[in-house]
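The next part holds the structures, each set out as structure tokens.
Two complexes follow with subunit A in common, the first pairing it with subunit B and the second with subunit C.
Entry: the complex of A and B
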């Protein structure tokens, strides 16, 4: 098993190197001069030359790449041209925001999606099945920006139940500072303040629900299909014949065996969400990785883009690795096969 | 398994005992002390001398102040630029606008506790204009606006004197720019100890060093482009602000900002779409403030004779100018824009020839179409395919770039020109302009300081290159340069008598367009702020900036 893990981890190194080189070269091939954006429309040629030299953009491309890789090897990613802040510091703020939102969305998507899928599979071609499938279809079809605005207008605008945007009401909590980057954890463990926790959760609710709709629909459909397949198996019939209760048959015998495709779907969707949900983050003013990338693209800010691409690729690789490893945990046959 | 999970949950619950406290201390502010501000743009660089974005300036204007400031917008545009005292209470202009002497306000404290004096002002300006200053900022986009300062003297603690290389009656306008906000002397000394401009900028964010009514009280209050919280400066010379906290959040989407202001979730926002203005006006909970801003949206036609674009022929440029109908453009702005026929917007205090239109703009539609078709035939460019470059994203003066560019395409096709639209990022446009690799470009310009020179010089003038040859300025989209136009811009810019200056600029407008026709001015767009109607005492100046030092919530 250890050899398997090591082999998988080692295989990712050249892949990440290739990604770093490709992202570096592609970004330099893009048309446009970042100094114009940074200096504004009023910039003179002299101002631009001065800035290009300060940013190191006048150096040869291989030298720029080596400088970049030397930063990366030290766990740094250089400075953002746009904000003049260290990219590593900015990522420490952005990445937890994205992970927090992605986890919340995946929790909702998995709980609701699996439940709907199981319900639909247990009573195939019934009204319940039809309702569950319709919900899944609607979830996949609804454009996120439309749903986001609708949710904002209804729950924040009309009913005033939830906040419109952001991660926290900073105006009301002026002395809040995040120790972990995860506001839920900060409120729960660092400040231990119920009112603060409720404020953080209230901010998380709408974007998480909106973001969860597409993965939820996919998970529901995959769960249904997988469960339908599993419920036809002999061992399920045997369990029923032995007098096991319907819930035991479905949840203990069938669902566990149907989990592998569901887990793959959950992991893939989670990987996508880690890449940043640009639309949701934009609508809800969520300061995550997706918005960070878009802001960097707008001004051709190379270092944040290169760092984000590397990070997103690494997250994907890690999630896939963990998924593969979890198969062995769920399915004992795979463990035995690997051991053999 | 279930029992184990239940056990873990029970342990976690026991460990987390919020009611018993034990966590880090945190205080909750009262709603009445906080103004939540949503900005359409981001806040990134909070060094007045390095910043050039609207989002940054909105925050900087609450924390820093200059020697003079722009007047408040009242009823319509002012006839002459009228600078108001800020950190300077009085000033004297001598030697044909070559020497400017400012008397500083008494009892002004910087956020770091030091007092305002002439040395601080001198040091602050030196940091902006000296290229290799030890406390050099990350960039200096406005350094050229104040590059004509030859000498700064501090004859006594309350007097600062600027001697310019040449007479410049526009100097006060440039001193009112945000780049000339005064930074404390102590802060400049501290920044000089740091070895990189980026570190200096970070230091300045964490140690706000202005004299303004608000400041960043703790390093954590700056959360990059996510949000910034400003705290009232109790020692402000104008009296401590009543609103104790300003919470700035960046929110690009206009619909979200509109909804939040309508629902009372945000107290203040900027740049709302004109199509929403009626709804906002009808809502009693919201105050909508709109004004005639100093900007222009125009179509630039490449005049570069070394390029092979049809627009290098004046007949083609005249033909295009004749057939562009501004009515649908203005309609698209729901009345929040006025057609423009000259370079200087009607909102400018002076230099705009009221009611004047170049000859191409005075023809009837039929006459214009016939004449334009003839000119295009004579120029031999019938059926020519011309690319029109436009920005991918809206600009404050160009809210609907694709739709308006498409209107131009539709209007030019009947005269035999085929227009292809090419949206580009602003960074790409910035790179294209000096090279001049395009025939048409749709863009605009926003005034900084109420001076016509701020339009003429960057947009239709030139500079000498390293070989001493004249070439169009970097922002001259039409790639147009004429030595006589340059001479007249120089002459007008140096004229100290405001009525004579006004006439020189008006004469230039009435001559240059008919003579050369490098651009088609299209419209001047209004701008907007919206805030909760409980908020009173907001001041908006002619530089489009809002101030909250006297703002309060009505009970």
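Entry: the complex of A and C
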């Protein structure tokens, strides 16, 4: 078990190094001179010279990389020439926004996806099964931004049920400021205000539902397939023969064993959402990490782009690592195999 | 290559038999045929040119003159959608072919030669896959520059790693089979064995992967175009048209609606058909 964990952890180290190298090289791969990219078009020749020596851009690449890494290890990602703000400071608001949205979307996707998949597997070729399969198909075929637009038009525009965009009505709470960046947590724990919390949740609802469609479709599909497979096993028949109630058989005996592929899908999708919510964030004006990347690409703002790429890819690798490690806890057989 | 044509012909017959019983795949073919027809016959069917603007008829409602009304520039929306099928399909197809080509070469070489070649190539693929593919495509456009052609490269590159993995698995399976051993003992070179013996056997799974990949490519291209990374906004590609409508807020809502519906229908077609192809190839998945 310990060797398994160690080996798996060690395998991610070169991956993280490669990611850091790629994010470093990004500055040199973007079109144009790095100093122009960093300072923007208005930079004077003198500014550029000064920056060149300050960043060590005149030094050889390996040395520049070490400088870059020492900055990164201190949590310094440089400055955005678009906003003239420290990237680290901007990320402190952007990253929680994306995590909050991703968690909300994954909660919806997992709850609905797994339930739908289980129901479909219990009654194959029923109406529920058909609904599950259709949803799984349409969910991955929908352009997310189109769905977002339609949902926004309908629920925010026509019916005025939910807010149009953003994370909060700052008109109603002009003094609200979130230290953590997690609005739900701050409304709940710091402000302890139900109305504020409801307003935050109302803003979260539409983007979370729209973002949940793709993971929901994949989770439903995998749950269904995995459950169909498990329900065919001998021990399930034995459990039934022993007189266990249908719900016990399905939920305790079968679902637990069908869990690993489902968990993989949930984790992978969560990893994707951390960096892949660009389109949903754009539609709903959600100031998250995905939006940050696009804003940076738009004006070739190198530092934010480097930091986001580094952050998103590292998070993705770490989520995958945690998933692999969690298998050992879910499935005792994997633990034994390693020990033997 | 005569054996190959016999193999293809018999596979096609087998597939046609299978298709008769597979409703979703039939629906998929129908949808794809519809979009393909729009692309091929746009020149004859469309009442207006894709760039032809009628002066002073901005945002005209649907009428007999303009079946779906006009856009912000007074161009006929229906005609633009028809021509849009050309651009959307061409861009997505090029991107998918690029992914397939790059992925197949990497996967085949890695799977065939094994050992350090495999380790090196697959580490590289793992590395590529540590970025969410849509993000990878976004960054690629940032490096290459915003244009529709560069979207092809970006989506093509971002899609290659998953193909590489699956082709590698297929080649690994074939590598240990007797016909490869026979070819080796006859003294054939590695290139010849890979290209003439192994790859033809991978053809069917590669086609399935490509069909399923088309849906993803169309969505990625449309998504990138929607984010404003597609260059010239007046090209009648569906993602760009959707973006153009979105920029016009409420007046463009209808344009957003119909462009998105076109994307949905096309992606749905490829996914339905691709699922059918996969079921045909892997009978184990038929019950699922």
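Following the convention adopted for this analysis, the second predicted complex is superposed on the first by the 288 of 340 C-alpha atoms of A that agree within 3 Å, B and C clash if a C-alpha of one lies under 4 Å from a C-alpha of the other, contacts with A are read in each partner's own complex, and residues count from 1 in each chain.
The rule we apply is simple: a residue touches a chain if its C-beta (ideal position, glycine included) is under 8 Å from a C-beta of that chain, and two chains touch if they have at least 3 such contacts.
These figures come from a predicted structure and were not determined experimentally.
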First, second, both or neither for A:282, with subunit B first and subunit C second: both
Subunit B versus subunit C as contact partner of A:150, first or second or both or neither: second
First (subunit B), second (subunit C), both or neither touched by A:300: both
Which of subunit B and subunit C A:244 touches, first, second, both or neither: neither
Subunit B versus subunit C as contact partner of A:313, first or second or both or neither: second
Winner by number of subunit A residues touched, once subunit B and subunit C are compared: B
First (subunit B), second (subunit C), both or neither touched by A:325: neither
Partner chain(s) touched by A:57 [first = subunit B, second = subunit C, both, neither]: neither
Partner chain(s) touched by A:140 [first = subunit B, second = subunit C, both, neither]: second
Contacts of A:228 with subunit B and subunit C, given as first, second, both or neither: second
Intersection of subunit A interface sets (partners subunit B, subunit C): 31, 149, 153, 157, 282, 298, 300
Touching residues (chain side subunit B, partner subunit A) in the complex: 16-19, 21-29, 31, 34-36, 42, 44-45, 52-53, 131, 138-144, 197-198, 201-202, 218, 220-221, 223-227, 229, 231, 245, 247, 249-253, 255-256, 259-260, 262-263, 265-266, 393, 425-431, 434, 445, 448, 458, 463, 474-475
Subunit A - residues contacting subunit C, complex: 14-15, 18-19, 22, 26, 29-31, 124, 137-138, 140-146, 149-150, 153, 157, 224-225, 228, 271-272, 274-276, 278-279, 282, 290, 293-294, 297-298, 300, 305, 309, 312-313, 316-317
Complex contacts: residues of subunit A adjacent to subunit B: 31-48, 50-51, 54, 79, 82-85, 90, 93, 149, 152-153, 156-158, 160, 163-167, 170-177, 179, 188-197, 282-283, 285, 287, 295, 298-300
Contact footprint of subunit A on subunit C as seen in their complex: 24, 123, 126-127, 130-132, 134-135, 138-139, 141-143, 145, 215, 219, 222-223, 226-229, 239, 242, 246, 250, 253, 256-257, 259-261, 263-264, 267-268, 271-272, 275, 287-288
